[in-house]
Every structure is written in C-alpha cells, then in structure tokens.
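In what follows, structures are represented as structure tokens.
Shared chain: chain A. Partners: chain B in the first complex, chain C in the second.
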Partner chain A sequence: MENLARLVQDAARKLLEEKKVDLVIGFEKGSLPLRSTPCFVRKAEDAGKLTWNSSCENNLANYLRKKTEKVGVIAKGCDARSIVALIKENQINLDNLYIIGVPCGGMIDRKKIETILNGRELLASEEKDGWLILKGNGFEQAVRKEDVLHGSCATCRTGNPVLSDELLGEKVPEKEDDYSDVAAFEAKTVAERAAYFAEQMSKCIRCYACRNACPMCYCEECFVDCTAPQWIGKSASSSGDNLIFQAMRAFHTAGRCVDCGSCDRACPMGIDVRNLNRKLARDVKEIFGAEAGMNLEDKPALNEFKFDDPQTFLVKE
Partner chain B sequence: MKNLINYIGIEEDRVNFAWISASEGGRFAELVNELTEKVKKLGPNKNIVNKHCEV
Partner chain C sequence: MLISKNDLPVLLDRILGEYEVYAPVKEHGKVEFKKISSGTQVCLQYSNSQKPPKGILFPQSEKMFCYETVQDGVRVDEICDCSKKVIWGIRPCDAKSFTILDDAFKNEQYRDPYYYKRRENTVIVGFGCNRPGATCFCTSVNSGPFDTAGSDVFLTELEDKYYVEGITEKGKEFIARYQLPDGSPDTSRIKESAVVASKVNLDGLKEKLDVNFYDEIWDSLWEKCIGCAACTYLCPTCHCFDIVEEAEGGKGCRVRNWDACMFPLFTLHGSGHNPRPSGKERVRQRIMHKFKYFQDKFQQTACVGCGRCIKNCPVNLDIRILLDAIQQRESGEGC
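Presenting the complex of A and B:
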C-alpha cells in the first residue's frame, strides 16, 4: 500500500511537471486514522501530499464533470466505471482527462471497525498482507481486511479500472457477483419487503448526502427540490415519502448506476440504500444484458431500443 | 419500473402497462374494467403512502 502511495505521488508529480495536466485529483491523509479525504493538487511540489490506502473511498468521478482544464485523476475500479458512464452522457470530455488507474482490493467500512472496537478509540492502523492492525490506547487487534470491507467492495467485480491511461501497481484478481442478496430479498413476501423498507426509511433524515455523493446524480434541479409541482413531501417525517425519494433516485439511475456504493457510505443513518440500486442493476443486466460503465462502446441500456427487447412489464392477459 | 415498485412492497397488480392505440377504444375500456376489478380486490394501498395523499 505504501508502495502504491509512492507510485501515485510519482505519477502525479510527473504529469504536473510535464504540464500534461493542470490539476490532479486524488486523496490525502485525513485527520483521523482510517480516513482519507479528496485532495486537489495543482503544483508538482505538492504531489507528496497524495496518498493511497484502504480508506480512499469517495468516488472521484464526482469532481470531473464540466471541467474545462486538463485534469488527471487517481481512479480505482468504481471511479473508472463512473467516469466511463459520465463520458457516455457527455458530462466528461475524455480529451481533457488523464486517468491514473489504481487496482483496488476494496475499501474499509469504518462502521464495521467501530462495531469491532466496541467503544474503544482507534489511534492508528496498519495494513499488512490482507490484515488490518488496529491500534489504540493499550490494545492492538488484527482483523482480516475482507471481513471489514464495504458491502459494495465485497461484491465488486471491477477492482481493476476498466479505462486508464496508465495503470499503477499489480492487478487484483477478478471476482464474480451473483446478486444472491437481491434474489434472497425478492424471495420475501410483498408485506415483508414493505415492512423492511418502512423500517429502513423511517431512519432517513433527507439530508440528501446520498444524492450529493452519487456521481450519476447531477441534475441541476432534483425532483425532490421542485416546488411546482411538488412531487413529494419535503419533511423526513413520513417513511412513505422517504421511500418514494429513494426509489425514484434509484429509478433515475437505472442502467447508469455502477454500484460504487457511494450513497451507502455517505448515509449518516446507515440506511440500506444500495439495495434498491442493486435490484435495478441486476434487472438491467438480466433483461437487457447491459452493465453501466464497463466500456466506451456499449450504449447506455436505457438509451437504446431494439425491436426484440423483452416487455415483461406489460399487463398479462 | 414495475419490478422496482413490486420490490419495494407494492402488490404486482396495482401498476400496469399496456400498449393500446388511440383507435382501440373498445380494448381500452375492456382493459380498464379488468384492472379496476383487480385493484378493487386488492383494496386500498397501505404499504407506501405519499403524505399528501393520506386521508
């Protein structure tokens, strides 16, 4: 990991020195252990601030839209897929972009770490061969990294960036995603599913962090902010309204969502937001055989029409 | 969309899609009657309610 951080710094420094880009977007060390924060580097001498570790969880594709200057970006697998999806939607100009791809073995979910620590304060952490060593006042504990990954990282198939101008480090092994969690949820009855979402959505405070963290949510005016007409209630007091917001957001990102999990990570209330997006990603894959952001050639699933598209939604007679 | 609506806990028959041409008045009426019957059988939607629409 430290080696990767050095490679990231060198690559960024070289790009800035050669004036290939005006700006490099990456991560720098946060103020707390297991925290990294997005970092914007404009001068070659500042490239040393950049880092790379298992807490670089934000999706940097979010910062690339409508940029007119030349930008270099440090992209892990999900960032690269989001970038591809945004290029297809004419939100990013590929000519102005330099992608430094970093293969990613998954990012660490701090909520899982908090559960393990059970109130003890984390003061430092270290990563070694698939293990994470948590250190604090008077304790040291090792946990397997694969046990504390974000949900989206555990099911991620594209740790290796799908598009990059240069790739740093070694590729990570490919994985498969069988969407077994979606199938298991579908097996429940309608009433059970409704009850589950009612319980989850009652926690929503409508802070819209999920929407802001999402690289695909870039509408200038979101349907929830609209007042004429006012599509849904704006207070967080109704779990029905909250669910309508989440379901419509999932629907608006159908066939576009790359399942990067940013919404899930951004949620301060721990709502199972990804559940809805995964259901749609699975359906789009099954019905149209398409996956968002996998390559530059395929058209986005819902932008294309074929005469033999299945129409399973039509009323059965 | 229909899949998602069902997934979040609304009965399958409540939302329906069909292709009907503007000239197929008879078929439209037939289908609407049929669907009205289906929805009446289901009763009011209790699972997900938009706050404006609460009574």
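Presenting the complex of A and C:
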C-alpha cells in the first residue's frame, strides 16, 4: 500500500511536470481514521499529498464530467468502469483524460467497522498484510481486511482497471461472477422483501447523497426535484415515496450502473441502497448479456434494440 | 437532586403519564431520539444521536394545514401540535442548538407558530458529556461538554446515579414535581476529565468572512463537495425549509420539508436564473450563514460543534479544515 501511494505520487508528479495534464484527481489523507478524501493537485510539488490505501472509497469518475482542463485521474477498478460508461454517454472527453490505473483489492466498509466497534469510538487504524488494526480508547482489535470489505468490493470482478493509460503496481487476482446475494434476496417471499424495503426506506432522510455520489446520476434536473409535474412526494416521512425514489433511480441507472457501491457508501443513514441496482445489473447481464463500462467497444445496453430481444422482465416467454 | 440509574426507568414512566417523552433509543446499532412508551427503552450510554433532535420541534416533514373542497367552498383544518413534551438526555451541543433555532423562528420579523408552540410546551433535559467524541469541538464555539444553555434541566452522570439540576424556572418546576432525593455532589473531577480535544480557531474568523466573499479561496474549498444534504439535514442548527402542496383530487395538505442550501434548486429562480450556480457559492453560503450572517443578525454562531457534518460527509469535507484554510489565508489576498 505504501509502495502504491509512492507510485501514485510519482506518476502524478511526472504528469504535471511534463505538463501532460493541468490537474490530477486522487486521494489524500482524510481527517478521520479510515478515511481518505478526494484531492485535486495542480502543482507538481503538491503531488506528495496524494495517497493510496483501503479507504480511498469515493468514485472519482464523479468529478470528471464538467472539467474543461486536461485531467489525470487515479482510477481504481470501479472508477475506471464508470469512466468508460461515461465516455460512451458523451460525458467525458477521452482526449482530455489521462487515466492512472491502480489495481484494487477492495475498500473498507466503515459501516461494518462501526458494527464491530458497537459504540466504541475509532481513534486510529493501521493496515498490515491483509489485517486492519482498529485502535481506540483502551482497546486495540485486529480484523481481517477481507471480512470488512464493502459489499461491492467483495464481489467486484474488475479490481484491475478495464481502461488506463498506465497501470501502477501489480494486478490483483481475477474473480468469478457471484450474484448469490441477489439470488438469496429473490428467494425471500414478497412480504419479506416488502418488509425489508419498508424498514430500510424508513431511515431515509432524502439527503440525496446516494444520487449525488453516483457517477451515472448526472441529470441536470433529477425527477425527484421536478415540481411541474411533481413525480413523487418530497417528504421523507413516507417510506413509500422514499422507495419510489430508489426504485426509479435503479431503473434510470439500469444497464448503466457499474455496481461501484458509491451510492451505498455515501448514505449517512446506513441504508442498503445498492440492493436494487445490483439486481438490475444482474438481470441486464443475464437477459441481454450486457455489462456496463467493461470496454469501449460494446454498445450500452439501452442503445441497442433487437427484435428478438428477450422480454422476460415484462412478459412470460 | 439525585436519581439512581436503577430508578431512572420508573421516573421516566411517571413522566410518561403527563408528557410525550423523546429520548435516545438504540436501534440497528444507531442511537436516535424516539418517542418512547416505556422508560426501559432509553439508552444513555451513547456519544450522540445520528440525527439531531431538532426534528422533534422542527420535523423534517410537517403538515401545516389540510384542506378539502366541500359543497359550499373549501374546508381548512389547521394543525396544531399542542402536546406537552420532554426531550430527555440530549447533549449540550444539541440543547444549545435550540437557542439558535429560537433566534431563527422567533425574532422581531417572524414568529413561527409551529415551532414555537412546540418549543413552549417542551421541557429540555440536557445531559453532560463525560467522554466527548473525537469530532466534537463545542468548546471552540462558546459551549462545552457541561454547557447548560438551552437546557431546562441538566443531568450529570455519576457512577451509579445522575445529578439532576433545574436550570430554568420551567425546569425547576418540572423537576420539583417528581420529588427526587436531595443532593448536590461535587462534579468538578468529572468535568475536568471531560476533555474536548478537537479545536477550531474562530478568533478573527468573522472579520475575515466580512470581507472575503469574493476571495479566490472559495474557488478551491468546495471542489470535492458533491452537493448533498448530509451536512445540513444532520446539522442541529440548520433550519431551512421548503413548502409544497401534497394534494390529490379535492383534498390535500400544505407540507413543509427541510431544505438545504447545498442543493442547486434552493436558489433557482422561476426565470431559470440561479444566483448560486455552483458548489462554490453553496459551500460559501453554508459557511457564511453559520459564521457570519447569523452572527450579524443574532450575535451568535450557528454552529454548536457537534461534529455530525464531519462524520457524515460522504467525501470527508471537514468543516474544521475548511475554517482553518480560511483562517490561514492572509486577508486581502485575491480580493
């Protein structure tokens, strides 16, 4: 990890020195334990601020859309997939972009850590050979990193960036597709699933951090913000409306969502935001054989219509 | 006065006979202020609640009135929450936040009947912090872990009991009714050991903000902000709202919902013009409102140092670091 951080700094410094880019977007040390924070570096001498570790959780593709400068971006696997998906939607100009790819073994889920700590306050943490040492007032506890990875990282198959101008460090091992979590949820009864969603959505405060953290949610005017017509109720007190918000968002990102988990990580209320999106990602893959952001060549699922497209999501075939 | 920890549930049950009681309850690993139905639900072993208790007096969604078309016109039903409430065991930062909401909702130009009715009928029981959290910076904003501002009654945790002090007349009357055993223990040791480690230097900040509206520092401070409402909705002092109609057919309600200056829609004009077109202006507004405009108007800072915005920002944009960066900047630069 420390080694990767150094490689990230060197690569950024070089890009800025050679004036290949005006700006490098990466991560720097955050203000809390287990937090890194997005960082915008414009001078070669500031490249030393950059870091790389298992808390670089934000999806940096989110910052590339409106940039007019030439940008270098430190991209882990899911960032790279989002970038590819956004290039295909004409949101990012590849000519103005330099991708420094970093193979990613997964990011730590702070919510899992909170559960382990059960009210004890985390004051420091340390990462060592696949272990994470959690430290606080009067306690020190080691947990295995693989046990506290974010859900999307545990099942991620694209830790190695699918697109990059240079790749730092060593590739991580490839993984098999695993949608057993979706299958397990589908196996529940309708009543169980409805109860689960009602419980989750009752916690929603409509802060829209999930939407704003999602690289694919970039509409100038989101349907939830429309007032004429008003598509859904604006009150957070209705878990029904909260669910409609998430369900519509899932449909709007269907075939586009790269399952980066950024929405889930952003939610301050610990809501399982990813569940619906992942189900649709699985369906799009199974039914149409399409996966978002895997390469520059495949057409996005929503851009292709064939007369013999399966309709199983709509009617019995 | 004193109440032993073991007797607290019974006391709360007695209070429940007369009041709606809101208290910290642990659910799914998080503590929130909930309306309780029994004293045993309460969990006072907590640092602070995920959501601020402001929602008890200023709900996130609140029906203002409802209406229905009837044969000879329209019937309007006014809604008044006149119930008597107790908020039990809120932290000093959150108790103080009510003094800030008071300024916003009851001032010379405006008196908000919805907030104020609730406020008048509510007894606030503050609860000292023996172990302040790492993101708490209350001592930097004219408060502290045993500040009684905003509390009617104040609790200090001792080993096996709580020391109960009446602070306001309302609080003294309230607590007298429950005839608790007398006692005024020495709490100085507890207070001394409650150290708030995190500090923000606010000296001279207001003077800087008075003149740095056009400073280029704002060009970079906001860059990582994704413009959500985690920091404002979870802030105990933020008090902005939006009013919508929720109506179908011939009937409906006028509802007010929390709103946040971090959203583009917040200042979007009907003409399509937006005076705060990007995150830069919005982050500046949040800082200016809390540390300048509110001071100009009400002579107090609209931040109580609870640290919620720090813990919950999805991109770790830390208000302490923001304020520090403003302080570090030589005044006049780039103006």
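To be clear about the criterion, the second predicted complex is superposed on the first by the 310 of 317 C-alpha atoms of A that agree within 3 Å, B and C clash if a C-alpha of one lies under 4 Å from a C-alpha of the other, contacts with A are read in each partner's own complex, and residues count from 1 in each chain.
We take it that a contact is a pair of C-beta atoms (placed from the backbone, for glycine too) under 8 Å apart; a residue touches a chain by one contact, two chains touch by 3 or more.
Note that this is a predicted model, so its numbers are computed, not measured.
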- request: Give one of first, second, both or neither to describe whether A:Gly233 is in contact with chain B, with chain C, with both, or with none.
  value: both
Task: Applying the touch criterion given at the start, work out whether A:Ile244 contacts chain B, chain C, both or neither, answering first, second, both or neither.
output: first
Query: Is chain A touched at more residues by chain B or by chain C?
result: C
Message: Applying the document's definition of touch, where does A:Phe313 land relative to chain B and chain C: first, second, both, or neither?
response: first
- request: Would you check which partner chain A:Trp52 touches, where first means chain B only, second means chain C only, and both and neither mean what they say?
  value: neither
- prompt: Does chain B (first) or chain C (second) touch A:Asp283, or do both, or does neither?
  reply: first
- prompt: Counting only touches as set out at the top, which of chain B and chain C does A:Arg193 meet: first, second, both, neither?
  reply: first
Touched partner set for A:Arg265, first chain B, second chain C, both or neither: second
Query: Which residues form the common part of the chain A surface touched by chain B and by chain C?
result: 233, 235, 237-238
- prompt: In the complex of these two chains, what residues of chain A are touching chain C?
  reply: 30-32, 35-40, 58, 62-63, 114-115, 118-119, 121, 123, 137, 205-209, 211-213, 225, 227, 230, 233-238, 265-270
- prompt: chain B touches which residues of chain A in the complex?
  reply: 185-186, 190-191, 193-198, 232-233, 235, 237-238, 240-241, 243-244, 247, 250-251, 254, 276, 279-280, 283, 313-315
Message: Under the stated contact criterion, what part of chain B meets chain A in this complex?
response: 1-12, 16-19, 31, 35, 47-52
Touch list for chain C against partner chain A, complex: 28-30, 45-47, 50-51, 59-61, 131, 133-135, 220, 223-224, 226-230, 233-234, 242, 244, 246, 255, 257-258, 260, 263, 265, 310-312, 314-318, 320-321
